[in-house]
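A, B, C and D label the chains in the order they appear, each numbered from 1.
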Amino acid sequence: MTLYMAGFSHLIPFAAAHEIIRQKKSHLTLCRATPDLIYDQMIAAGVADRLVFSYAGNPGVGLLPAFRRAVEQGDISLEEYTHFEMVARLEAGAAGLPFWPLKSPITDLVLRRPAATVTCPYTGAAVPTVPALNPDVTWVHVQAADSDGNLYVSGLVGEMKEAALAAKTVVATTESFYPADVLRTRRGELLLPGFRVSAVAHVPMGAHPSYASGLYERDTRFYQQWTAIAKDAERCQAWLEEWIYGTANHEQYLSKWGQDYLNHLVVGGML
Amino acid sequence: MTLYMAGFSHLIPFAAAHEIIRQKKSHLTLCRATPDLIYDQMIAAGVADRLVFSYAGNPGVGLLPAFRRAVEQGDISLEEYTHFEMVARLEAGAAGLPFWPLKSPITDLVLRRPAATVTCPYTGAAVPTVPALNPDVTWVHVQAADSDGNLYVSGLVGEMKEAALAAKTVVATTESFYPADVLRTRRGELLLPGFRVSAVAHVPMGAHPSYASGLYERDTRFYQQWTAIAKDAERCQAWLEEWIYGTANHEQYLSKWGQDYLNHLVVGGML
Amino acid sequence: MNNRDVMAIISARLLEDQQRVLVGVGTPNVAANLAKRLHAPNLVMIYESGIIDARPKKLPLSIGDGTLVEESLAVLPMGELFSQYLQTGWIDIGFLGAAQIDSRGNLNSTTIGSYEHPTIRLAGSGGAADIAHHARRTITILPHSRERFAAKIDFVTSPGHPPGGCRTDGGGPWRVVTDLGLFGFDSEGEMICLSLMPSHTYEEILDMSGWHIPFQSPLSVVPDPSPEEIRVLQSLYDTLPGGAL
Amino acid sequence: MNNRDVMAIISARLLEDQQRVLVGVGTPNVAANLAKRLHAPNLVMIYESGIIDARPKKLPLSIGDGTLVEESLAVLPMGELFSQYLQTGWIDIGFLGAAQIDSRGNLNSTTIGSYEHPTIRLAGSGGAADIAHHARRTITILPHSRERFAAKIDFVTSPGHPPGGCRTDGGGPWRVVTDLGLFGFDSEGEMICLSLMPSHTYEEILDMSGWHIPFQSPLSVVPDPSPEEIRVLQSLYDTLPGGAL
């Protein structure tokens, strides 16, 4: 099964990822432009066979230790693109087309792939392409959803919308849940209409340790600590044991951080 | 010269078109998904040799008499698409690509064109394409602009953004003009950043008889009257003489309508 | 009640609640707005101008009216609507008008006479061809006449069922509503009369069509517009500045 | 002042007011934010996360930080930024880091060792290859070492000047800033040393590079970081929760 947990830096669906880890899913193909800590944790937990991505870093901190270990030990197979190519794959998927044209550079990544240019019927130019990416499931975390399943986001969207539109099934977690129609005035923030969304769960702070614009900030301290935690395979497993397998759900995970710690992240200082 | 006066039903830059008529420009290639009254008036005034379009109707009223006359008399050449094809041409132009892929139907329009499919390198499927459209100039009318040239629009955007991004040069008229930075909170309404815009002029009610969401409504009465005016070639010229050539600028054009008439269109009843 | 009003009422009945319908200009627009005020309050009206789930307070005169924007769920750039919703099969019903139709549901809204030397130059496709191609099925409304129901139409603006059969993907022309009858398509993709409009006959249909349209027996008659349907249609017209169109 | 701070200050000087710069993560981010607070207040900082004209109140730690969004002109979907701004030539300067560079400005940020069996698996391209290809010219910042300045880099993540000459469109690698020197490219597309960093020598550069980098004479020395530059850099670090990185 191909899974895209969306959200570029912002609104990363960590609560959903943690639950996937708790349920001991396996053999997933994980797709994300930026694997970030969310996939580093999932890779450490052994849920993935394959990764489709474009930038596997800990943003502003460094590399992703569990990802590195898995790649260097040959435990995971990679399908790698540039950001533009990755987003273009989603654009094709979202538009129902089998490929997307873009003027991409010839890199060692491109040279490792089968040739994939098309000839422009008007200019004769060779135009590079990438194949469509249509995840089986795309998971998004949003600031607000309503009972019709409409999803609303403000701030950075990255490739969220295309990742969702390209998916066969879209599932969402949301910071706030509203009755139908009350969010209609926020039409500029609509990410997806409800008819494109299969299920929504109300999960406050469901993006921790990433952030939700206007609600809570990125847990920079944890992003920095992760390097030390994950570099050591045993310590990494112990962290998963304590924080993920050892908590029954996201509420317990949050309680474990404690109200005081979380209040420091909350915009305005209170959850 | 290829000109795209943008705005789908909404924010049609009529003031700019009237000035183009006053200045007796000629031999233009006019592009617009929906020629609407704006191009019917420009065609009647003889500024255009060629029309690139997808729907030449008077929206909700019927046909475009001056357009009909020009086509039926062979006075103008046509390059015709479906809406999706037309927008796809602009998408290609906006992305700097020579063509755009889309699953378009095989119609008599397509059969009149040279074959233009590409073979998908991944599936072998034949995918139809359209060629990029890059207007020399795209003109937009917006609700707000600032002194850095940033343009802001709310309500229907249609194909405005792609038409502007595809153009070599973008020129704008605006309902309101603001100092730099004060509109930054409206980032969700940004149509184009100032560095993509060559010039902006402050022209209140510059979209009459079309509308500007939140400011004034469509002059439905005039849209309905236009059929009778334009059906008769002489009456049509007399209208241009009186309302366009006979007014020195858009202020005079508006004065001729009169404050009372215009107040009926203004949201809240006052300009 | 004029013919147009009856056609609007009968075609409104074809729409089901919750469906996503891409609404064309003219009678389809009246019919969709009517259905939403009658039996299909959750009809998702989508307009090619980019509007998703319009809830217009007044009957919109065009598909780009401000009233369509005001209470809508979303206003998308046209390109997104066409590629990410229409092209990917998320539209249940395409609701179109046309100047001419043939036995396979091919539609002409481009030209009467030749393309190069038209007798009447019409508006052209707009989104019609795209909608006809990509919506899961289409309903077309047009007045019935020998010129309009043509053995060979002057221009194929929007393609119908292909030669030799119905579209294999289940898409394409599904219903045609005229002032004389309600039509469907048989397994060969040929038009067939399903019902007569109130106070019209099958002979009239044969008289007014450029080819022999068979009927599906027993040939029923569409129920008369109900007082409720007429009342709601009138209240819809009452929202227009000048009253009825 | 550590080497990184000096590199940030020297490369900040290369940015001009009004330029549109696509800012990469790491030292480029520090340098661009520094330039904007020094001589280039109208520098248009663009981030591949979709942000146009960021005005961060604090030094952003990553290219997706909320502080980049708050006072920005626009937050675009990444796809729009890449296709409608980067691919169409609207970015003046691409500002990148890398793990390795060769004499033609090819950059590696993917792997040390082979791709299949890496010694160190790095983060990969992100937008780097796209930026290197489409920006009008690029500045690259990286520490100087024999491993990093390699005759043959382990992987071409972002292509530099093509074999046999400079890129014909005027694009490609323009400046490289290290802790030892400031570099450009000659008409053949080969790296050349333009200036030495304060208190470093050309011999050090030769020692620390995997190929012979010629110099452009007279070989100048970059002016020392000024008190003002140091002060503003420190005030930028002071905006971070934990102080300097």
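As a working rule, a contact is a pair of C-beta atoms (placed from the backbone, for glycine too) under 8 Å apart; a residue touches a chain by one contact, two chains touch by 3 or more.
From a predicted model like this one, the values you see are computed outputs, not experimental measurements.
The chains in contact with subunit B and with subunit C alike are A.
Ranked by how far their CA centres sit from the centre of subunit C, the chains are topped by D. Centre-to-centre separation of subunit B and subunit D, using mean CA positions: 42 Å. Centroids built from CA atoms put subunit D at 58 Å from subunit C. Shared interface positions of subunit D, i.e. residues touching 2 or more other chains, are given as 75, 83, 87. Counting partner chains per residue, subunit B has residues 95-97, 102-103 touching two or more of them.
Chain-to-chain contact here is organised irregularly, matching neither a line nor a ring nor a star, and falling short of all pairs touching. Inter-chain contacts, as defined above, occur between A-B, A-C, A-D, B-C, B-D.
The part of subunit D that touches subunit A in the complex is made up of residues 25-26, 48-51, 60-66, 69, 75, 77-79, 82-83, 86-87, 110, 115, 117-130, 132-134, 155-159, 241-242.
Residue ranges on subunit A touching subunit C, taken from their complex, read 94-97, 150, 165, 184, 187, 190, 193, 195-196. Subunit C makes touch with subunit A in their complex at residues 20, 44, 52-53, 71-75, 83-84, 87-90. The part of subunit A that touches subunit D in the complex is made up of residues 8-10, 33-34, 53-57, 59-61, 63-64, 67-68, 71-72, 74, 80-85, 87-88, 90-91, 102-109, 112, 155-159, 161-162, 211, 213, 217-218, 220-221, 223-224. Of all residues in subunit B, only 95-103, 114-123, 125, 127, 129, 131-132, 154, 188-189 touch subunit A in the complex they form.
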